[in-house]
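Each of the next two complexes has chain A plus one more chain, namely chain B in the first and chain C in the second.
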Partner chain A sequence: MFEAAEINAEHKDLIHDVAYDFYGNRMATCSSDQYVKVWDQIGNEKWTLTSSWKAHSGSVWKVTWAHPEFGQVLATCSFDRTAAVWEEIIGETPGPGERGTRHWVRRTNLVDSRTSVTDVKFGPKCLGLQLATCSADGIIRIYEAPDVMNLSQWTLQHEITCKLSCSCLSWNPSLTNNHPQMIAVGSDDNTAQTGKVFIFEYSENSRRWMKIETIITIMEPVHDISFAPNLGRSYHILAVATKDVKIINLTPIKDNSSIQSGLTKLDVQTVAQFTDHTCTVWRASWNVTGTVLATSGDDGCVRMFKMNYINSWKPVTVLKGDGAVIPNDAHRGSIASSTGVLTPPITQTASYNDSGSMVRNGVNYTLKPTNCPQHIPPRLFKRIRQSFNSI
Partner chain B sequence: MEDENLKTFLIPNDLCKSAGIAGTWMSGNKIGVFPYHNINHSSKDAPSQYTKNVPSSVFHVKHEVVLFHPILRRLVTESMGIFLNLQTVVENKPSDYKQHLQQFSVQYRSVIRASLENLRDEVLRATGEERETLQNFITIFYSVECIWHLCEILYIENIPGHVVIKHLLEWVRFHFPKYERKAAFLLSGESIGSLESRQDYWETVIGCLLQGRVEVVRALLSCHSAANSTHFKLADQILKSMPTYGVYEGVSVQEFNLRWKHWLVDTQSKIDSKLFISEKNLHLMMRLIVGEEMAWSEVQSQCEAWYELLAAWLFYTEPTVKSFELGAFAKRCISRMGTRMHHLDRVLLAAMEGDVQIIKEIQHMTENGWFVTHLMDLLYHCEQLEKWQTDKEDSLKLRHSFVFEYGNTLAGHKSLWQLGLNYLDHCFPDGLAAIELLLPRVPINDESKAHRVIQEAQKRGLSHIAHSVAKIEGLKSLRNDRMGNALVWALRSQDSNFASFLADKFLKKYVDTGILPNVDLLSYLGSCMMASDRLIFLGKYYQFNKLHKDKSYREAAKALVSLIASKFTPKFFWSTLLSEALTLLECDELLLSSNDVFNLLNAVEERLDCLCELDELEPLIRLGIARNLSRALTYEAQYT
Partner chain C sequence: MSTISVLQEGPVNALALNKDNSQVAIGGRNVFKVYSIEEDCFKEICNLRASKHLNLSFSCNDVAWSSTDDNYLATAATNGHVCVWNLTKSGKAMQEQVYQEHKRTVNKVNFHSSEPYRLISGSQDGTMRYFDMRCKAAVATFLSNTESVRDVQFSPHMPHTFAAVSENGSVQLWDVRRTEKCIQQFTAHSGPIFACDWHPEATWLATASRDKTIKVWDLTTSKPTLDYTIHTIASIGHVKWRPQRKYHIASCALVVDCSINIWDIRRPFIPFAAFNEHKDIASGVAWRGDSQVFLSTSRDCSLIQHSFKDASRPASKANIQALDISTKGNTLFGMRVPVSTNTTKPTGLMRKSSTSTISDQFHQSASVLHQFTHVSVCNDLSSFEFLAKNYILYGRSFPEMCEHNAAVAKECGKSNISTIWKIVNTMYGELYVKIQAMHNNGGLNLMNNVDASSTEKKNNDVVGEAAAAQFSSADDDVEGEDQVDHTAVANGYHTYNKYGHPKGDFSFGENELDLELDALSIDYRNGMRNQNQLQQQEDWTLPNEAFNIRHEIRDRSPPPEQFPNNNSPDFNDDSHSSTVDEQPTWLVSVSKIPPMPIWDPSASLIESLKHHAEKGDVQTSVSVLIVLGEHRKNLKTLDENTVTHWLMGYIQTLERFRLWNVKALVIELAWIPSISQMNQQSTRINTNCSQCLKPLQRSGWLCDRCHSTDASRCSICHQVVKGLYVWCQGCSHGGHLMHMQEWFSKNKQCPTGCGHLCEYR
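Now for the complex of A and B:
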């Protein structure tokens, strides 16, 4: 059973990315309207817009949070060929009764790219504060803030050329002595007949990032790529959004040649491939423990996949956009209460129905075929209207 | 090819429909869904076709977890206690291990019963939507209790010879207590007039008979006004002489069967000679107890469920039925009653058939894994799971996957997270890794929670998480301008950079205001100051400052000299340090030896670059040094 709460994001164009902070209590959104907005969860499930600013002079593609150990820090990347790091600070002069206003300041503007910067991600926190960007001209850049208490200083540490236009990147979150730093990059190039996913590894010996693998089984453009959080496994799981959903296991092999070269050799295995979206897949997102993958595709659905106890991946749930808006016009009048809950039209006690699922309010939530999907029931559907003026 | 268990939910939003959607995971069981249409760098950066008048919304979709309802809090916490005890017992493997497991099963059931009773009380008070929710919970947990009880009889309890009929009857009586209550009322003598005149008299008698309550039936019959008539006495005789099978009664199954057959033939002959025909209900009862098909057809409508009939029917026709034979009989009962199979029925049938299907059915119950986790854990330890799996390894994995899932669910909740961790602890090897991911993400809104998170981390040897949490708390304090607090957290985080950064802040504040903040904290630093060089300097400087204030100038001078010699002095602090040295140099009493003064002079020479901005200080310092040096040299020449 699901319930949904709506937050009017107030962007003037499509949202390109939504990112949640480490705890899931703050939300950053970015859009083609060139703005970035930050929302805070105050109290129970109530989200308030706390900051909104024009971050770039082009569409903002991605927004991402740094680990809270580095403070309240965001990075964005844009069509305007730049990436930026933002920090939230509290004003020095607290007003009477409150602790000063919070606002976001641009700590740095990374202008090395000559083309649209397509993705930006902070590295695992044990590496200090590192930031990777990739751009349409196929260059991956690794920046570092040497003093984590001073975010205005960033140095470009590495530039890796990938030849193909890059669309997405992901840091491998599992970092122990056994696993050197690793980045996976996807390309959305649709001309070259080559693999579109590249794995790079930082070689301690040569102090350079080296390409250790090209996944040749993926020749179609790749739109999103994401390493799963590691649950103490000896292998890495990579989700790839391309013409379908692919889940790939990367297992490091220890043999003589890999010991000599100091570079990891990977055994690449596609463990799952889902064509459920029936067309292009745009995004892939792992939950905190890496047990459920949510992908979004051109079919207008978010699909969730889960691994069962014998390690095989299965589709579990589908969310689908639907035009039938609940009649919220009548509801808008009482919007001041901010969480107006519609009263259920049908009252019926719970019972078990034939298909074996619970029936509540006469709405059967457990559905067999997807051709008769059900709405998230209006009564659980809380419309929270955020007032822009309140901030 | 769609999986039949695949669920589809619709997000009612126009833009989500026309543009498409994308989702990003939040924490726990929540996902943020937003209208999304892929536009990439190769297209023109212009306002999209979706800008017109439709607002973009983000939808936070979350899996509804019934266990998070406050009314079920007791169930969740108490069952965790049982779960943990069970794990301890299993690790120690005592000899009466099986006995223990059965005890645990009973404990789990009593927790369910307690919450059911609690729910029943609450449902009376509740209104509207809440009432409906509670009624829904009652339905769920009633089924859970019913299934658990049956599983306990079939798989957990160690029944000699697998002769289960007594237990089955108990199970049925427990879940259909209607007749027993009525009988108790009738026998209590509170009803006025003759019992048989009440219209539910015979219904109750037969109901009790069906539940195998022979003694109660006899008692009820003896209250009948015609109890002294021959046919009543005869019926009583028959019921009294009915043999019952019990392992501890020292009768073998064969012997029992022999007696049973004798009794049957005897009773049948009495029925055939129409001894009971004058009282039709008595006649019916006698026909029932000898298992006459026609008679059973007459009464089966009195049973609410097929399993009620099953237990009754088996008691009178197959009293020595074995637990593993139940499936076939159950099917016969179901077809006899023409039951439409609901979920509960299917689970019970699967349980009786001893079918692996039961796991799947239980999983589909909507209490978010509470039931399946605890029951499967118990069944795993009873070595029942492996009978359903191809190998032992798989059954362990299956048990782990349920415990893992359940632990994960709880760990994502703002107040139940600690319970979740306890489950994950018993889920090797993924459990600890999941804790590593989940524990640092527990939202911390006050310091006591931070302490609890740190405690949980240290309990599991995850000191890096404890450090990280402390660092984040330190940053928070710093943001709120609580420097002393920030320093305390920085020390806990063992992050020397952070400690240095804060020490600098303290010193800068002193340079600006002449006041050293949080002096009481600094006086207790002790060995903690070893965390960073800058912190050592701060600590030592505080000691100097204190001595100076207490007018212990000689000690202060010593401390100052060692401070200067330590070379830890930050650049911005030199001028402050030297101007304080000046007061000591110019003191009436001679405080610094010639050696000390030379050291001081050396330091000044080395740090000229720091002093050049304060050029009025430099000549003063040099003068002070020169004067002190002359005094010291004279003194030393005289007395040594």
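Now for the complex of A and C:
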């Protein structure tokens, strides 16, 4: 059961992306009005606007959080052909008991693209601080911050040409060294009659990113692409938002040729295809365990899909964008006859809250670490260490 | 009209259309030509640089075409000359007038829209000059008091007024009859203004600047008002209002952006249309009288006629929806909503055409953002947290942990996970160990194979019943008698009962333990056993065994094709549990117990763990593996990479839920070096003595130099803290965690009385 609450984001134009942070207590929104806003959830109820700034000189397409181990870090990409990395800075505490002001500083501006940067994503944490961008001219760029404590230094490590205009990308979030680094890229090109989803893999042998697969069954423009979090599967699941929702299983095949070339061969299988939206599907997003896929389309609905115990994907929930919740009873399709409990949308005004409860460094108590180190994210530790050294 | 283009020998700086829009003059440093615009090509009419006596006055910064007399062109030359060209003449005579009055390069020339012969120029020397083509010298000179004038434009509404913009960011309005002082002056931008354009109908002046903005000023009142600001991605070099579209304006950038953008000033963030044909930055734009066609020149040496139908629409590629799911399963969804169109529109000047549907909707863009919060009490994610917190993974005996964890899982409604724990307990509990021991000792051959046909069944049932008995030991009244019978017969098993009772201090579930579940677990086991034995059947050899090959298995319970889901009703089927009741028929006839055919449950267990992991539930897989402890070595076919993957997955999920203690525990209990090493990373902290600032190297609490333990004393009890120490980063006082917690539950100030308002969270 879902309860809907409207958040008055007060963006002056379309909101193009929202992103929860790692824990789900903060979120960032970005809009065509060139602003990025960061919100904090106090307790379990209200989202309060804590930061809002003009991030770019063009529409901000995407916003994404880095793993909190690297601090409070955001990346954005924009129509203005740049991608930027932002870090939240907590200012000097004005007095005892008061909180320092928080603001976001642009740590770097990645200006390599000659066209609109359509997507930006941080790589899996185990790879350090890596950032992938893709742009409308079909170039995928991989950046790396060699020193995770210095977010202003990023080096362009790889440039992969994809030929078609790229609209979205997704890192394979797999956590093991079983699988090499992998990126899936989707194209929104609507002229070429070719596959629109490309899988790239980092080859340790050649130290380059290589295209290992083009999913030729998807010829329609792709608007969003997303690897499911892989906590323990032997294969990868990719969700693609095109004119419908596609769920694709990518199973690595171990054979001689793949061992020789050092590149993974994939068995590509479309395991589910949903036309429930009956129109263009814009977004696809996974829950943290990779068991529920949410998609949204021009019909203004969020639809959720879940895999049942015999490994087949089934629609489970429909949420209307206007806040209504439609339970998925036996008669799918009869969405109009909604019997769901309609919660009146709660409008909340954005206001700056000065008594935020973000647990970050600043004036707070932390544990003495020698005994119980894992209680605090490592990054915090480094900070503590620094601050202690300076005493 | 389609997109056509023609290449020049050099970069083009400017273009000008004649009054009926059939011809175009282009000018650059090395280019000065007039083309007629045909249906599908440009036709060169005249090359004004054909003359042998070329000088700097032939190189143009700007070109203007008289709007009253089609034969007159004016150019702004780089050497500061303003030239007037008569197209009816030829050769040197074409250059009818050369005004050598500006001291520096001339940036712009502009003909008066109604008065023939009148033109104005703006120069880098900061002056503007007003010419009458019939006179040899300027009629008037205007001093802008700025370093340079970048653009001058006659107003279409006020016949004697022109606007001039300067590099210092100011806009001036002049009356051509008053040379001494401008009518109006205001600062429009924070950087140089490169261009301005009067709206053909409204009283707007658009200004374009290096500060990456285009601003639209309403100049009806004495004080100019800023009506619109467009934020662009680069410095703007030129702007031109689109005819017949009140709110549209074309712009080209001075750097970075090679495209020509058409903006709807009401949506100042994203271009309404973009033309990307140029390879280098565009230098000039001229509309061909109507809203659908315009011409442009560029530094890439080309002259292009653009047709609006070939435009790209950046907004159409934009993602109109936003979606994300949080750790807690909440969903954020932002989507475009139609804006109510009954807002009062300024009428009169706005013209509607048949193609205006897109433009009408274009500027009305807004999104709503909703959060859908998971409110159901029991969902996968809340139970994850509950299980993670309540599982016991170490410190007790194996059966105890299994029992406890099974009960915990059951408490939060996860009966399938609960069953797994029970099965694991049965398979690897004391019972299993005994069997294995027996097997290893060559087997206690207490009985012969009396009834071959029932052996299989018996084996099934012995183990199955034992398990059932063990499960039901919490409520003995159900199957107590069977249990006793069994204990008597299967004398190898009499010990199990002792371990069957949970020793832990938790007794929940005792009354809830439903029979169905027990029956269900037996079914699992039977199913799995059968499956397992079927597998073994294929390569069944008898290297040491002293008994005959048994007959084919009578497969009574079909092997389950899937690991059961707790929602599946099939497993409550009574047909399987009935096997339990059949025992007495053979129990009495048995005189010897056959050697326990050792059945290795590992394959099944691995399969079930894998099943859970693939379903996204690594928690179960990892927890079972941890609790299994030494038994893990039996799971030989489970490779380390997979297990590492599961552990990493579980640890990451715990991080997301901020379950740091559980995470630390899992890492500590992990048997794979790469995981257990995670606890040793970034865990060092260096402390200095609070008295002498010497780094404390030997121990964290005693200073070698001043032999003080001040740094590590608890502010409350004044004892040296060994173990958990918390301190305030603001005043650096601290102490025992418990003491601090207690203190700050009542107080806000530091316990030492230093006056610092510590923040304890």
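Observations on the structure shown:
By definition in this document, the second predicted complex is superposed on the first by the 312 of 391 C-alpha atoms of A that agree within 3 Å, B and C clash if a C-alpha of one lies under 4 Å from a C-alpha of the other, contacts with A are read in each partner's own complex, and residues count from 1 in each chain.
Just so we're on the same page, a residue touches a chain if its C-beta (ideal position, glycine included) is under 8 Å from a C-beta of that chain, and two chains touch if they have at least 3 such contacts.
Quick caveat: nothing in here was measured; it's all calculated off a predicted structure.
Looking at the shared chain after the overlay, A:7 reaches both chain B and chain C.
In the superposed pair of complexes, A:283 makes contact with chain B and with chain C alike.
Residue contacts after overlaying the shared chain place A:310 against chain B and chain C alike.
In the superposition on chain A, A:90 makes contact with chain B only, while chain C stays out of contact range.
In the superposed model, A:19 lies in contact with both chain B and chain C. In the superposition on chain A, A:163 makes contact with neither chain B nor chain C.
Touch criterion not met for A:106: it reaches neither chain B nor chain C.
In the superposition on chain A, A:208 makes contact with neither chain B nor chain C. Taken together, the two complexes place residues 1-9, 11-20, 22-24, 27, 29, 31-33, 47, 58-59, 61, 79, 116, 118, 136, 167, 188, 223, 230-233, 282-283, 285-292, 294, 296-297, 300, 302, 308-310, 319, 321-323, 325, 357, 361, 365-370, 373-376, 381 of chain A in contact with chain B and also with chain C. Of all residues in chain C, those touching chain A in their complex are 212, 231-234, 256-257, 267, 269-270, 314-315, 317-337, 365-376, 380-381, 562-565, 567-568, 610, 613-618, 621, 641-642, 644-646, 648-650, 652-653, 655-658, 660-661, 663-664, 667, 678-679, 681-688, 690, 693, 700, 721, 723-730, 732, 734, 737, 740, 744, 748, 755-761.
Across the complex, chain B is touched by residues 1-20, 22-25, 27, 29, 31-33, 45, 47, 58-59, 61, 68-69, 71, 79, 90, 99, 115-116, 118, 125, 136, 147-149, 165, 167, 188, 223, 229-233, 280, 282-283, 285-292, 294, 296-302, 308-310, 314-326, 343-344, 347, 349-354, 356-358, 360-361, 365-370, 373-376, 379-381 of chain A.
Chain B meets chain A in the complex at residues 2-28, 30-42, 45, 47-48, 50-51, 55-64, 129, 132, 135-136, 139-140, 143, 340-344, 346, 361, 364, 366, 394, 397-398, 400-401, 408, 412, 429-430, 432-434, 436-438, 440-444, 468, 471-472, 475, 479-480, 497-498, 501.
Chain A makes touch with chain C in their complex at residues 1-9, 11-20, 22-24, 27, 29, 31-34, 47, 57-59, 61-62, 79-81, 93, 96-97, 116, 118, 126, 136, 167, 174-178, 188, 223-224, 230-234, 282-292, 294-297, 300, 302, 307-310, 319, 321-323, 325, 345, 357, 359, 361-378, 381-382, 384-385, 387-389, 391.
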